[in-house]
């Protein structure tokens, strides 16, 4: 499903965000990506989303390879991968509902299905009362939940979530985690970057990957194999 | 639908910029339009004048009929020639008397007819250039019994030059002002893109195709260009009408040309936008 | 220092972000502002920063009253109040150093003092190696630390921090907290909006204010007085 | 320094927009410049012609010297009048002979001098309007021994009209194109502000004064306007020179006016920017 092979990402002139990272996330897996600030979590997710290409190594997602993917492949890929951005990336000046419905419009889903579906997702994240408000006036946590609703609206095969609970209080964060687990139970693979260790510990069955200064220093799968 | 909604929203967001662009396009196309009207009328006038371009071969008085027949046959056989009229000495005198009635006395007291007989050679429309005329004249002048060949060389040359200046002028001005109009539309579109670069980037991130992103901008350019074209046509018609009424009657260009001008404005807008968008989408 | 008296903030047509909130933070105090997502924390800080005015009630900060303050007063106030925004609000396209130095330029501090001072602050937040990088390419946590450095560079009398550790891992968050405590020890009043209860619990001496749907439902000072 | 750096950065970021604005301002000021040159030359010509505006009062042959003295005294006493010359009948004949030398015969064979004596009244520069001229003529014509008063009413009227048309035309065109130029600069500045609205907002949040934020935009407008003014002056001079060389000699406007034009461009730019910025800063 998602496979990184010896991936290195450099930003010339200086700066190396990732060094020789390899891992493989299978269909239906639930994985955490942890690490200190600046360790390369967002960079990893961006590479999987093919917003950037690796300097060396290969990223394979849903059968598309970073070495071969054309512009056409990339938008096909993005329609099946949901992304909750660390800085939300909502369309300014539009309502919460429009932001979520827009992701459906882009993928060409029929007009009359868009609004009900978008409303349903906003309800799931606890924002049904704010759906008609411009995202410019929403609180930090509310925006984050709009971003989550948008990422889920297309029923993605893979969900990439970058610090999706950073602006949420415990109660809201728990709600989002439940939503993710439910989605995962229905077969969506999930890769979630976070530094909140309480969150990671709350899911003892989940896969955990840890980055440190661009290197993969811990992979729970390998540890389990070794100890077995 | 999405595209139209977005394009109209963009125009609403920066109405002055749109008006400015449309106005500039109109100005550019207006200049082209004026020149087109002038050239078109020049062309019409020249065509009417050229109708009268002909070669006249004057023959000696002592020429034999079969010699005349040979010359006529050769001339008629040339591809440049539409018709050949023989004007006898008597016909020439009659014509002269008629044309110059105020000098009638001059002709009446004559013992002998001083005028020569001649062939008047009409040319086909496509063969009234200085070269064609000269070729026909040369053929006639080879015959020893042809005394002189007249065809107003200067006059034909000058007609030709005028027409060429008109054509070149329209082309040069058209291209120059076209480039200006394109630059202006492209700037307007680039500004619109610049103002919405974050939005475009976000659209790409959620999987929008380039076409989906591009369409509103192309439509915006098209509408701007179309408005400019319409305005230019209106202005040109107003100018034509003013001249027609106040100065002297001139002809309006064919309606297809006017429509063509408006569509050119629109196409122009699309093209300019396409270039502006293409460059930007590659950058992101 | 900061005094809110029966402050209500409404956003017509519907929506009330704050209802009848009153509290008083004294010089040198360290206060947490907690509450669920959308409870009005950011709104409270914006009112104190005079980015908005209350619908009714009064906000007094450093002697300036929300009812009387002119445009001139507002920028005087802002030069003595540091603000770490929830969404960072950095100047795009400029380096971390330029962003921090800009806050000094605005207040008219001498040219040759700006760069050393800005560099010093970036070092304090652990970003000395990234000072010449454009903020557009920094990671979420790095941006947040630039925002913190900018808020501190003018040695503010009051520091308002909106979720300043939301994008930071535990280690970085601890560093920031230490910086804040140090600043507080030197006399700066501090009001920090956060939903991270671990952070709040780590400072048992600090004042705690809790909002719920725009109402002040808990104030540790009043509780202490009552129990006393 | 901050302002200059930012202004130059803004221009570098959108060079085409700056060139477009400067070009449009130049175009607007160019039109004003051309009209100014025309009006200035018209004015110069009119002034030269007006020098010759005078009132002539013809007197009867049987007038008594003391009557003449009374008229002269009254005329000299009027504020409109610069000087009064008495032309005797003999002087009139001499002058006529000189002026019309080709008809000398006409005057030499005369038994009696047919010409009347007259006062030629010169007017002060400020008093050559139709009204002043008419007033002087009226005063003279009240005297019974004054046979006729001549002053070319039509001619004076027409001169006056021409000058008024020139002045009104320059003013109207100046204001119209000035408004266009201002709108264009304001648009350019608004676009610049729009593109940087987030930045402006952030500056305000960290305590920047309005002046600090405004200065780069004002400077940008000033530079754009100045460039437009310079370009317009250059274009106007080129047009002047072309006419001077190819058509007929005209005068160049005073250098202060040209400098004034350039500065007007700059001030214009500042003003337009100030308005654009003010409206925006209030909105935030």
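Worth pointing out:
Each chain carries a letter (A, B, C and D) given by its place in the written order, and its residues are counted from 1.
The rule is short, and it goes like this: a residue touches a chain if its C-beta (ideal position, glycine included) is under 8 Å from a C-beta of that chain, and two chains touch if they have at least 3 such contacts.
Note that this is a predicted model, so its numbers are computed, not measured.
The chain with its CA mean position farthest from that of chain A is D. Averaged C-alpha coordinates put the centre of chain A at 71 Å from the centre of chain D. In terms of their C-alpha centroids, the spacing between chain A and chain C amounts to 29 Å.
Between chain A and chain B the centroid-to-centroid distance comes to 63 Å (mean Cα coordinates, whole Å). Touching of two or more other chains is recorded for no residue of chain C.
Chain D has no residue in contact with two or more other chains. Contacts between chains close into a ring here, every chain touching precisely two others.
Contacting chain pairs (ordered by label): A-B, A-C, B-D, C-D. By the touch criterion stated above, chain C contacts chain A in their complex at residues 11, 15, 35-38, 41-43, 86-87, 130, 133, 137, 139-142, 144-145, 162-163, 166-172, 195, 197-198.
Contact residues of chain C toward chain D in the complex are 49, 51, 71, 75, 78-79, 83, 85, 89-92, 102-103, 105-107, 150.
Of all residues in chain D, only 14, 16-17, 20, 183-184, 187, 190-191, 194-195 touch chain B in the complex they form.
Chain B meets chain A in the complex at residues 2, 198-199, 202-210, 212.
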